[in-house]
Structure formats: structure tokens, C-alpha cells
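Multiple structures follow.
Both complexes below contain chain A, partnered by chain B and then by chain C.
Then we have the complex of A and B:
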């Protein structure tokens, strides 16, 4: 690690508690807003009555769907439900009051009559012929645009040429993001009547769209200012858009600032979840292990409303076969509606689920063929020049095998595997070691243009402001961007201030998703740095009476390479540039070239670059209680060139923890469609004591399309963890095809 | 969260007077680790007064007395875990205390709070039952001392009017060569409520059980010793067969008291295995 890698732009503020989160804001005259939710799984609204609630002292405004000034929905999600409610989180009324107590008292006085409708409680139920129809425009309960097929080669011939065909079904559960800070917004009007929204949001521009939909305002009269965000992981998207839209209509209806914060329970009930999947895989291979054919149906549960499945299922179809060369492929991915909370983006999007299924399948196939897991993979790994299942020839370095061999080496895999095979099966604790390898398309790929912007401005005193269109939500993006600037200009990071996104100040640069923050978000930053640098060198050259080409920038100075004693301080150059009329404020935009995609066959160029990862897990199982523990995780990631080793390591540790949770304990519990685990006393995530020993390495590589050679990392760190844990459990004697691997399931294996 | 008055009495007498004055709508509060979540979830709608006993010196202290070890009701689990006195002869309680919550919870949570809350899953109770704990109770009507099992029964059957202060616990000196163990089964390594727990204390001489106490957690309406199992085992020569029979009997006794619950599909087979394993250990250690 270089010296630059131990700082973070917001470390001091976060550690000392100075960082201001949305819930920390108090605007004079503010009202407290609350949501009244249906609490119903699926019902017709017969009547809503706010008469008594309005009488509570301190209650200023109560709004029903009919009182909404513009749209009642944003995309498919209702700000306030009308006529029918599709899940328990559906809001049916909004309250604004002088105090939290008055607002809550009002909620307690609201009266509703519902008529229960038959619910759809699982993705299997949604697919039944006779299933209730949840959205009239989708009588088959399929989520709009969520079907993504892949057709390659000839699947029938592929199976005919196979010596062994294996069919398996795998499933995963609803996983909660569990960010430490629940959703919060404060909304007020500016002197010109436009709206200002301070919020805990992952995607301020999308929040702005939601507010515009709810209020009928044009986008230029809605200003969303991101506050420090206490984690998001894909979660502060739909729920924050809805929250901001609701707070905005209350603000306009009352003429007062409105603050709304969710309790943990509300956050769990309304915020999106990792989509649960049902995977049906059929794989064919030659006796020697060569993969010949893969047929798969991947169905995910979209929940009551859904806008994300269309995107995550596209990513799913690209990654459905893993990092292997398979000539004949037929894949169908689609999502269905149910009366559960909606699925949404969560770190890894669809990949952690898919890799669990597909890498379990590889291990099961290896066992069926009598091959070692590594041998089967080495025979089939994608290599440079190979074509993926979606018809893309890989021209950049393909490091699937390299990361795997390195990770297995670091984990001492071969020796440990043998030791575990020799362990006494009758002891109470048994162990196992397993691994999973995967790749991840960097950025948005063919899903959407991966374009984004940034503003860089150097002040006359040599201090610097960086504004990206993409957000920091705790992952350290501002730090990575500041690092790029500091490195290119040869200045210390202390000069740099990174500002959170303000939608009225920076160009809309799309969502901060798909691990594109550094990979793509770094591009306009570097472009801006290059322009500023050119100006500064030009000015310095005049002062030092030489040519710009003779100059270098380092240690907060501009100096002649030949004679470093001839130098100017960075501040001197900045001042000279400003006072001679140069612009030191630069707005830049990065626009990638278009990617080709054919929807009917799922063939094209999915992503410009791929990150390669391998995770090795060791587990221990208590045979008496069925409790599994992950004792060690080793991971190796080829993420190109790492920009900031400190921030990157943080991603790896966090990804491991999240992966352990998904593997062993996380899954929302429902009772007739209602969530029973609405807080962290029942929804368990790993504690520090559950996090295993962690070892990791970055495998540096070049020749990719990322900013400064950086590929995607944030999501890659979690993706293969559940799969590796599942394979380690299988090695210990417990092949589970449903996650999480609860003690109940392990014990059933033990006995059955 | 509902609003309430928070009173901090300056003497034990004042504490008792306040408890009596506000009987029916007050609670004493020690660490607050059970009470605060309950208030937040609206489970204590009738409570409008909290009486703070956390710093009452009369509820503090760990000391040996003529009759056994005295533990003030306000003793935190951290204090128990760190106490050489408790470890010396009552390590069963240390073993259970170590597994309560996480460090921050153990710093606040008290033994009296754990017992007064009388959760079926409370970690300290099976251990205290096996150690034959007595509780010392105080109210404006005076002092009384009862066996822990009687206190719990009164508490859960509603015979106790709630306004007695739990002053402390007396753990009698264990009999010679007592063997004891506590195990907890939970979904994660820390901050996890027991899905199942089991405390066993006893002594076997030449393979024959002299006496044994068996107290499971999280399977009964409130923690109790399995007296039928204890009676069955007393005087028995420990064998694999006897251990198995005792395990079956334990499951039967639990089913008789709790009825069939969905979670028992998992819990009872595990409990049986634990009973067997812990009895086997008793046999081996002799």
C-alpha cells in the first residue's frame, strides 16, 4: 500500500460523528411526516376514514390517494395506493403533524376497511395456471420486460453429444440490505418555489424523477442534495424515491418543511430485497468433463411491483453459465409478481444467487463425473479469444484460471482438502473446503449507456473541489476520485474536497450502480484533470520560461524535470492561472461507444471488460446441532489496477461479511405474506464474531477499458462467497440447494 | 415510544415506597435491555413510571456468606464473568453469563433483570436452577426468600403482584465434586437469543448417579428443571441405554408441558442429543 491509501476524504467526520446524515437535519418550522401502511397482503380498499385522526391536536394534514397533486405512482410503485393494496408496505395515507407523537397518534386513529383478496405467496404460486392476477396488464404474473433468452448453438444436439446429463434445482431467499442508516429525507421549498430535498439516497437523479412524478414539477424545479449516506448496497432507491415524493407533496400541501424518517421496521417492510430465485439447470458433459450443453430456467420473485427485474435479468442471462465455455446454450430468465415486498438491486444484482446455483452445479457435475472440482473447471474455463454464451469474443486478458489457482494456493486448498477427506466422520465437528470462480461484467454494459460526468475546479489558492455525478454511499467513491486527482496533479489529498451529488449542480450521470463508480465514474474525472493539467502546465511554463513538455507535477509543485530546483508551488501556479483569466473549472462527460445486443437470441457484446474472482471457503459443521460456521475465507480478484488499496480492502471485507450472511443466516420470514422479521432481533445478520479469518489478494492486470485501468470491484467481492460456502458445506457432507444454510436444513441432511 | 416518568429514588425505602405507590403501572429498570425494547414495541402500554435501580448499592455485590454465594440483583453479566468468586465454585453461572448477548449487552444487563423478565430463553435461569438458587425479595410488606422455581412459577402464573424488588440471589455451596455444564444453541456467535439451551449439574460415584439437575431453556413456557428425568436418573448406573432413555424422557416431559410446537421438529432431536452427550460426559469424567 502506498502512503495515499490509508486516508479517506470523510474519515475524520465519520469517526468523530460530525458527518451530517439526513435525519440530523432540523429545519425551523418543520413538520413530521408519517406513512400509514395497509398491513394487508392483498386486499381491496373498501373505505379509509381520517375523521378522527384529523381531530388530534398537532395534526396539520392528512392525504389520501385522491389528494395527490400529480401522479399517484412512480414507475410502477404507488406513493399512495388506490382501490387495491398489493402488499403490506403499500401506503394508503400520509400524515404531517407538529410532532412525531401527534403524527403517530393520528396513525392510530385512522380507520380502514379492507376486503381480503386471494394472495400469491411464492414464485411457484405465481406461475400456477389458476393464480390470482396481480396486475391486469400482466395476466401471467410476469414482470414487464423481464424475460431475457439466450440461444446459442443447438441445445438438442448438445445433449445428444453429452455422455452425462445432470438436472438440479436451487433456490435463494429474500435478503435485506441492512444498511445501518434507515431512509430519511427533509424537504423544503426554496424562495422561488422550487423544492429542495436533502436525503439519504443512492441515486439522487432518480429520487428527483420520483419527486417530479409526485408533484408534477419539472425536473429543474426539484433539487436533490445527497447527505452523508449510511450504506445503501442498492437499497436506497425505490424506497427513497417514494419517501421523497411523499414528503414533497406534504411539504407543498402544508407550505412547511417536512421531515420523514423510517423506523427500522418500516425500512424492512418497504425497501426492496435481493430477488429470491428458483433455478432449474440441466447440464450435459462429455465423460472427460468437456461441457457440451446448458439449459436453464431462472425465475426470480419480483414482488408486488417491479422495475428492476428487467435489468437484473439481463445481467442474469449474461452470467447464467458462469465463466465457462459452452457451445450449446438455451437460457430463459424471467421474473414474476407476488404479494411480497418487491425485489430490487442489491450488491451483486442477480449474480450472488446465480453463482451459488451455477457453481454448486459445477461441483455436483464434477462429482458425478468423478472429477476434481478444479479439474472440471480448468477444462472449461473461458480463455482469451473464446466466445461467451452470449456470443462475445473475449479480447482482453481472461484471468479466471489465474485467480483460481492463486486463491487455491493462498488457501492451501489441496492439502486441506485431503486432510478433510481423511477426517473422522464420527466426530461432532466436521469440516470442509470448497471454492467458486466467477466473472462480472464491468459497469452497465449493453444494459444502458455507461455515460457519466464530473466537475473539477481548482481554486486560486490551490485547493480543489471534485464533483462527480455518481455518489458515495459509504463505499469510498469520493476517496477513489480524489485519489485519481491527487495522483494526476501530484498534489496531496488534503487539498481536495469531494462534494456529494447535488442534482442542480452536476450533470445527470445515471445511477451509481453496477460497480461503475470508479470504472466509469473515474473517466470524466481523468478527462477533467487532463484539461486542467494542460492549463496549469501552460501557465507554469510561461513563468519558468520553458516548454510545458519539460515540466512535471509532484509533491504539490510544478518543476522542470531536468532541474527540479526550478519550481513553482501548486498554489502559485493556480493563482497565476486564475489571475491571467484561465478557466480552472472544467465539466467533463464520458460517453462510451455503443454495444450491440440482440434480444431474441441474447447474442451481442455484453460488457467491454470483466472482473474475475475466486473465493475459497472453509467451514465447520456441528453435527449435533446442524450449525455451520465459516472458519476462513480467501479471495483473489482481478480488478485491473486498484486505485485505492484501503477503500478496495474495505470492499473485500464487507463483501465477505455480506456473503457469509446470505450463505448461512439471512432470509426474510413471512407469515401469509407479512414479514415477521422486521428488525434485527429476528432478521439476523452476521456479527463481528461470525466473520471468519479473511485473506485476500488483488491480481493486477492491464489492457481493460476502466478508468486508470480499474475494473469493477464492489459487487465482485460478495458474489462468489455464498457459492464457495455452499461448496465447502458440500465437501463436509452437506450439499444444500437452498440458501440460507440453516441448521434445520443441515440436520435434515445429517439424518436423511 | 410511549412517554413515561423516570424516577431515581435515593434509598431502598424510597424505592419500595414508589413501587407500592405506582403499583400496577410501574416497572423497576436496571439495564433496560429487556424493558426498553418492550417499551419501544408497545408491549407495556400500562406502564407510565420507570423506577431506576441500576445504581442502588443494596443491589450490588458478590460475596461469600455462611450459606453460600450472595449476588446482588443488580450484578451485571460482565461482573459475573469477571468474578473470581463466582468462577471458584459456581462456574456454571459464568459459562451461561458469558453467552448472554454481546459485550455491550453484558455491560448493562443484570441478573435480576434476566430472572425477573422470566423469558423461556433466558440464559442465566437454567444455570441458576441447577445451582439451586434462592431469591431474596423485598417490598413494603417486608422481605422473603424463596426457591427460584417458586419465584418463576408465581411470576408466570400471575400470582406475583409485580411490585417486589429482587434484591439478590443466594447460591448454596455446591456439593462435593459437582460436575456441571451449560450449552446454548443459537443461530450466530453473539447477540443471539437461545434457540435451545441446557444446563446439567450432578455427581456420579462409580458410574452411579447420586443426584442430577437438568434444566433446559427455550422449550418450556418458563424455565424449569425436568424433575421426572432427574428422578429417573437418580440411583441409575449410567450406560448408553440409560442416557438414551433419559433423553427420550426429557423430550416427553417437555412435550407434556409445552404441547407440540413447529420448532420442536428441530429442537427436540437436538435436545435429546445434548442430554445424551452431557450425561455421557458425566459418566466419563468420573
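Then we have the complex of A and C:
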């Protein structure tokens, strides 16, 4: 790696303990805020009594739903539940106290009477005719706007033309984000009465909306300042909005700063989860392997509340058939409500689940046709000029086959596959190798405008401040943005300070989701750099008495290309520009072109560009204990041009680990709707000891729509991993159609 | 609640303080001494974000009752660097891009520090074992293991 590629804007602060996370803040006079949760699966609130709790010394304020100054809900999520609770995390009262002890003592003294209501405990139950209705506006328990159909060709004819038709069902589980930093906020008022929220938030502008809803304040009187965020992966969204809203009303009600930090248990109980899916696929193919028809029903569990399924399911319908050319398609995706913790965004946004199902299906189909997994895929891979199932002609390079062949080569797949086929099936330890290929639409696509902004300011001393509307939650976005600026201006990254989002300082640029941070978020940065560069070159040209076109910028200097000895330092040029009255602070906005989408048929132009990935997994299974281990992962990603090799590598390794977790160990446990795995002793995520040998390569490509040629990467790194592991397990003799592939499931299979 | 006197050496500095009996070492570090580098991620000794070195051993400071450490020598992430001069482990974390969100980083560094004190030339498996009590959700650990290995080499071990 080059020097620049290991540099990070925040690394020094993070290795010295200086980096300040929300829970590290202490505001003089602050109160500690706590939430009292229902602990019920589904119940009517008969009575709530805070009389005894209020008597605890140090308790300053207790609030019930009736005490909320404005709205009790944000989107469909209650800050405080009224009348009825729909899952155990529902809050019914808020406490502010002088100390943690007093606040906890108050919670212990609160009294509530509930009347249990019949619960809905799975997506299958939600779909039953006689299922209890959870939201009156949705009597069929389907999440609002979550149905996304795809209709292409003629499905009946497609199956008629098929020589072989295969039907399969697959399922996935609730997966916890498990960011190591639990949610935290500190709220105080500014001298003008407005609110300042310092928080651990992935989407500060959404947090701002939540606070405005809870307090009744206009958006311009709510300022959300993002702190260092200790991981998010899509998770610090709904729960942080609720947390910030609750802390804000406590702050206003007491006139004191309020700090609220979730325990791990609260974080697991309240924060959103990766949606569990039930997939019912029916695929038809010619004897030679050509795919003719695909019919699929994808149902995901939205849980008690929802504002993500409708967006996630749109992405799901686009990717439901994988990276293959299929002429006849009928797909329906929809979500249902249950009395479980709600589903939300988690790295991959439905794709890791879908790819698991759909790439398992491809392997099962190959086996049924007597074809090799690679042969079936090569016959059907999308290629440049092909039409996707959602009716989009792919004009950019389509590298599904290229990444696959390269990954298989790196993994020594053919040789190993043969070796595993020859292994003695009666030995205790058996192994297998398998792979999965996928594509991922870059950015938001037709889901929502991919617009975003940035501010770039060069100071008179030549130092630079970069502010993006999108957030760094650990992935290194501020670094990637600084890297783009450094590269374009020919300056050292050390000159650049890249700041977290402060909603009072940058234009609202949408959510930092859909792996759009560099892909889209880099665009206003580059636009701003271009404008600044023009000004600096103009000023330098005057000083060097030449034309701007003769100048270049590198090594922290502006110089004449023909005669590099004629130069000015970057700082000299910045100073000259400032003192001659030029603005060196530029706000830029990226406005994407419109994308076409027809909802009834699911046809249109889904995404401008796609990232292509292939993951090869090798597994080993102990037949006696059922324990599966991933021994090696190889991945190849066509993510266009990589901006920062260090950060990009970190994404790949991190995605692999998260994928291994989803494949083999992670699934929330419930007992009558209540989560029983609320901490890391019972919800296991991979440790250093669980990490396989990891090999990867980027396959560079051009001709895409990303900033500096960068396509989406963060989510692409995780999404094919569970599928590859599942196919490797199948090669070892264990075709599992439900994730995670726990040792119990393997053992059960082993013993029939 | 009764307060009791706690004497500690923290990052080379002698501390003498009256504290509540029920405080954990992590609370004393974060709330009493303002050393917020050590983090709380789970409160039950599973995630390792609160790892500090107590009398030469890496411990989860969320599981140590502060008074039980009375007279002890504590090293936290804030004590790793000498002024602007980073510890070779810190340097190596920077060079290997061994962090992302940074929340687990202080604990991870302290576990690695304790390992290198005991075993200046650890193998990859020993490194993995030493940090297996420190959960990281961002990095997949690969670059962290590399960083620890490289730090050992720089220190003249491995």
C-alpha cells in the first residue's frame, strides 16, 4: 500500500483514545435519562403508575405518553407507547435523574398492569387467515407499500418451455448489527433555546426529523452533531431517532442537559434487525441449462413497526433473480408485521438473504440438471447489452463472468472441488468448496434521489476543511473524501481536516446508505474541488505570468508544466487567492438524472451502475459435533476504481467476517416473542479465532457512473458470503436451506 | 453509600481517591479520572472494549470492582503513547489500517500490548487467541492481526 492508502483522517485519535464517542461526553449539570420498556410481546396497557418511582431521591422527571410535548410517534415508531404495546422494546415511560443509580431505582419502582393480547410470532403466523391484526390500517398484516412485483415475459409459457422445473424454499433469521458501541446521545439547549444533539447516529438528518417530531420544534431549531460512531452497518437509525427524541423531550422538560446511553441489552432489544426472509422459488430451465422462467415469492418480517421494508423490498425485487438473464419472470416481494423487534437496514439491505436463496437455488438446479455450478452460471450470466429481469439494458461493462473466473482461479477451485469429491465420506472431518456470484445496484437508484452535497473550504494558510452531507461510521468515508481532494489538488492529506456531519453546517444530503458514500458522496466533493482548482490556478497564473492551462498541481505546489522550477507553494496560492477577494469556500450539490420505474410491472431503469462480486468458500465440517468452520474465503469485486486501498481492504475483510457470522452463527433467539440472546454471551459474532484465511482482489473497471470511477463496495463485500458458505456446505454433503447453519442443524442432517 | 479510599497507579500517575464501593474499575477510569479511551460495549466482559492492563495482565475493567484493584498498576490506552511519540503497536495499527470505527481499538491495543509484554514473538495463532476476547465488527480482524505481528517485528521480537 502507498503511504496515502494507509493514512486515515481519524486514526491517530482512535489509537490514542482521544476520539470522542457520544458516551464519552459529559456536560456539566447533565441528567441521566432512562427508558422504561414494556417487556411484553403484545399487550394492552391497563395502567401505569409512577407514584413510588417519583419518590426516589435524585429522580427529577418521569414522563408518560400523555406528557409528550408534540407527537408520540416518529414515522410509525412510538417514542412512548399509548394504549397498546406491540413488542418488548416499546417504551412506556421516561426517567431523568441525577445519577444512573437513581434512574435505575426509579425504573424498578414503576408499576404497570398489562392485559396480554394474542401475539403474532412469525411471518407464517402473520399470513394466516385468522392472524391477530396488529395495525388496524393493515388488516392483512402486510407492511404498507412493501409489495414490489416484477412481471416480465410470460411466466406460463416460460415454464411450458422448460424441461426441468425445481421448487425450493429458503429462510434466513434475525441478524443483529452488533456494532460494538451501543447507542448514545447527549442533548442540551443552546443559548437561543434551540436543541443540540451530540449523538452516535448514521443519519443525522433523520435523527433531526425524529427530534423535531418529538419536540414540535422546527428543523432549524434542532442541530444534530455526529460524534465518532462506533459502527452502524445500517443500524443506528430508528433506535437513535427514538433515543434522541426521548432525550430531547427530557431535556426540555427539565431544563437540563440529558445523557442517554443504551446498555447492550437495550440496544439488542430495541435496534432494528436484518429482516428474516422466507423465499419460495420456482425455476424452469432447458435440459442444456438455459434459464427459461423464474417465479418467486419473497416475504420478509418487518416486525412491530416499519419504515424500511418498502425501500428494501424494492431493491429486493431488482436483485431477486440474481445476475442472470431470464426471459420470463414473476416475482412478488412483500413484508409482514409481527410482534417481534422491527426489521431495518443492515449492510446489504436484503441482498445477503436473497443471494443465499437464489445462489443456493442455482447450485441445486445445476445438480438437478447434471451440470457443474460454473457451467450453469456461465450459460446464463448477464452480459453487456442484455436486459435484466427489471427491463434494463446493461450498457456498462458487465463483469459477472470475469469476477467469477478470477475468483475460482485464485481459489484453485477446480482442483479442490475434485479433491473434495474424492474424500472419504466416512471420515470425521469432511470438507467442501462452493461459490456465489452476484451484482449490486450502486447507490439508491430508482429507490430515491441519489442527490447529496458537500462543502470544501481552503483556508488562507493552505489548510483544507472537507464537509460532506454523508457520514463516516467507521468505514472511512471522511478519509475517502479527503483522499479525493488530496489527489485532485496535488496536496498532502495531512493538510486536510474532514469533519463529521453537523446538520447546521451542511446541506441535507440524504441518508448514508446503499454504499453511496464514495460512489455518490464523492461527486459533490469532486465538483467542489474542480471549482476551487479553477480559482487557485487562475490566481497562480497571474502570479507566474502564464495561462492557467500551463499549470499543474502536485507535491503541495502549483507549477508550470514546461518548467517545474517556476512554482508557488499551495499555501502561497491559497493566501494570494484569499487576499485578492476570491471565495475559497464552495458548496456543491450532486443532482442525479431521473430514473424510470413502473411499479405495477417492476420494469424500468433500476440503477445507473452495478458492482459485480464473486465469493468462493471452503468449509470443514466435524461430522461428530456438526460444527462447521469456514477455512478459506476468496473474493473478487469489480467495484470500478478503488479510491483508498486501505479502507477498501478493510471493507472486504469486515464484510467477509460479517458474512461468516450470518452463515454459521448469527440468529436472534426468541421465547414467546421476547429476545433471549440480548448480549454477546448468547448472541455470538465472529471473534479473531473464527476468521478464515482471507484472499481478495479488486478487478478494476472503467466506464461507470461513480465518483472517480468508484462503484459501491461496502455492502458488496458481505452479500455473497453466506451463499458461498451454504454452497460449500452443500458440497460437503450438507445442503441447508435455513440460515444460520448451526451445528444443531448439521448434526440433525447427519443423523437423518 | 459509603465511600472508600482507592489507591492506584494509572499510566504512571499515582491516584488516591474516595470512591463509592460499588464502582467498577471502568467507572473509575471513565467517570472519576476522565479517561474515556476505555469503552463499555457489553458490561459483562464479553466484548473486550474496556480492556486495560492491570498489574501486567489484560483484564476486562467492567468486571473488576475498583476497590479490588486497590494498590494496583493500571495501564490504559491513554498511556500508550509518550507525548507525540506513538507506541510501535499504535504506529503499526495506523500503517496497517487496523481500525475502522475505532470503538474496539483501545481494548484491542491493550490486549495486544499485554501479549507482546509476555510473548515478544507471537505466532499468528497466538495473536488471534490473545485478541479473541476483543470483539470487532468492522475489520474482520485481518489487518489487526497483521498490525500486531508487524509491531512485534518492529520491537525486535517475531
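We adopt the following convention: the second predicted complex is superposed on the first by the 751 of 752 C-alpha atoms of A that agree within 3 Å, B and C clash if a C-alpha of one lies under 4 Å from a C-alpha of the other, contacts with A are read in each partner's own complex, and residues count from 1 in each chain.
Methods note: contacts are C-beta pairs under 8 Å (C-beta built on N, C-alpha and C of every residue); 3 or more make two chains touch, one makes a residue touch a chain.
If you're wondering where the values come from, they're calculated on a predicted model, not measured in any experiment.
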Which of chain B and chain C A:653 touches, first, second, both or neither: second
Chain B versus chain C as contact partner of A:681, first or second or both or neither: both
Touched partner set for A:408, first chain B, second chain C, both or neither: neither
Chain C versus chain B, contacts on chain A by residue: C
First, second, both or neither for A:178, with chain B first and chain C second: second
First, second, both or neither for A:80, with chain B first and chain C second: neither
First (chain B), second (chain C), both or neither touched by A:743: first
Partner chain(s) touched by A:625 [first = chain B, second = chain C, both, neither]: first
Partner chain in contact with A:689 - chain B first, chain C second, else both or neither: both
Touching partner for A:14 - first (chain B), second (chain C), both, neither: second
Overlap of chain C and chain B interfaces on chain A (superposed complexes): 681, 686-689
In the complex, chain A residues that touch chain B: 101, 428, 624-627, 629, 665, 681, 684, 686-690, 742-744, 747, 751
Sites on chain C touched by chain A in the complex: 30-31, 34-44, 46-47, 49, 76-78, 80-81, 86, 90, 93-97, 99-106, 109, 127-129, 131-145
Residue ranges of chain A touching chain C (in the complex, touch as defined): 1, 5-8, 10-21, 23-24, 26, 177-182, 228-233, 263-264, 473-476, 646-647, 649-650, 652-658, 679-681, 685-689, 691, 694
Of all residues in chain B, those that touch chain A in their complex: 3, 37, 102, 185, 187-193, 265-266, 269-270, 273-274, 277
